[in-house]
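A single structure is presented below for examination.
Chains: A, B, C and D, in written order; residue numbering restarts at 1 for each.
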């Protein structure tokens, strides 16, 4: 089974800029994370954009939908900021991308900072995408949720079913 | 869904003893890994033993089978050394533990050492165990294999289907 | 020889707040860093404040001077943000704290983020403070500089003699 | 001031071989540690050998003495296994290398494993070597000891003055 990972940024891929003290994006860490996980799946990694999901807008979501539609793979993982992950999931569901299993995931702590949930979530999402039937899902906190039955609890920072 | 993680040791949980320069076992790191992964699943962690899988024998495997049989949960992840993980999977399949989804996983690099595949594999195994039908599986390298169609390639250190 | 470490914050001790995505201060990491370094010196760790050095002002500097004056130890390391470390060094030199060896240090990357210069700089500062004659110094980038002959190069983020 | 770091191995530079589960040497991590420490000293790094210090013998010590004698620098740090660091220090003192400040250091936990004392010790040794008068010293646990007044306490794993 071939899998495509579409990278859109989010806390997942943030880095610390020591000169300014701010967080920023450079290249994605996903290939390194796959190496560290000794992942032997047939995976294509494609960077669509690198944005904080608070900056994600309709145009950004449309671009993600386009890339999913254009993917030859039917199993797709999307790394995304957690703040608006559910909104992007909804946009994907509305786009009617039938026959594809799409799993969105992210991280609460940048992979680059150590103590990150990044590798755990990536392993989780890559596993769910191989087994779940076509549809759009969010995979966070070890769980998967259908796109229309999940929200991010902004107090705890965790995702929960609704 | 309640999940039980049975810990048996393996490279997954090894630590470095700075006084002797050797690797040894102390307590399991699984609870810490679940915290780092911000895992919100209902998980019970039970340490059955802490051994290198080269030291795993029939008595050890019988003990693991007993603990699986005694678990109220039907979704069970077992952390295990990679060298004899397939043998233990076979023992579990032979034990006729019907109605349970059992996923074995481990790590090539101790979680304690950084650059480990531990969190990736744990996230992967916990996800597979939630969606696979009853049976015995090995989850390594991002993939899952039925117990009777997998082996560890000792040259590459990776698991492959046979 | 007894040494006192006065903690004032800076990037050295920043943490990542996963709920807001911002950096903040909680307790100092210095005791943990001393344990990781297996430091066997007789060290007292005292938190004076926890601020980014861009927020350091005359009142803050006066407080640091007071704590240096009040220290029974004659060997003092001060952890401090790098942006205004030289200004604080000047304030200490102007305070006429004779008989004390005072070494300021910090970090360009938070200790909590991995890949940090924190432990390297702490080991460096603790070594310089044991052997340098009384006076005020900055210890960064493996070097020590007299307080009146150093500046931070804001382009490279490194300290250099002037 | 130019400094030369002579690398001889020891726990400092050990790596974990995931295929065999053993520790081994590959290239030294010292250049990476200097980069992480943002070290701006003028440092030459030379690998003399990569051995566990339990395997250090007279021939090995003679080789180290030769490299110190051949160094144009008068400030030399030697990374070395902790078990026989004091013996090598003695061999250097006996060699009559006048006019050189020689500081030996090492680590109790491999740098590659995280939670290492490596960077702390390297920062410490590089600082001591810039300030101490000619002679042979051991720098561990934040302290420096003259070569003839130190031993490793094998119970605690720490160095102490005698």
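Heads up, the rule we're going with is that contacts are C-beta pairs under 8 Å (C-beta built on N, C-alpha and C of every residue); 3 or more make two chains touch, one makes a residue touch a chain.
Note that the structure is a prediction, hence the values are computed from the model and not measured.
J.: Tell me, please, which chain's centre (mean of its C-alpha atoms) is farthest from the centre of chain A?
T.: D
J.: How big is the gap, in whole Å, between where the Cα atoms of chain B centre and where those of chain D centre?
T.: Computed from C-alpha means, the inter-chain centre distance equals 39 Å.
J.: Would you mind pulling out the distance in Å between where the CA atoms of chain A average out and where those of chain B do?
T.: Distance between chain centres: 26 Å.
J.: Check each residue of chain A and list the ones that touch at least two other chains.
T.: In chain A, residues 108, 114-115, 157 touch at least two other chains, as defined above.
J.: Which category does the touching pattern between chains fall into here: line, ring, star, complete, or other?
T.: ring
J.: Applying the document's contact rule, which stretches of chain B touch chain D when the two form their complex?
T.: Counting only chain B, the residues touching chain D are 11, 16, 18-19, 21, 23, 52, 108-110, 112-115, 154-155, 157.
J.: Within the complex, which stretch of chain D touches chain C?
T.: 33-34, 36-41, 43, 108, 114-117, 119-128, 130-132, 139-144, 157-160
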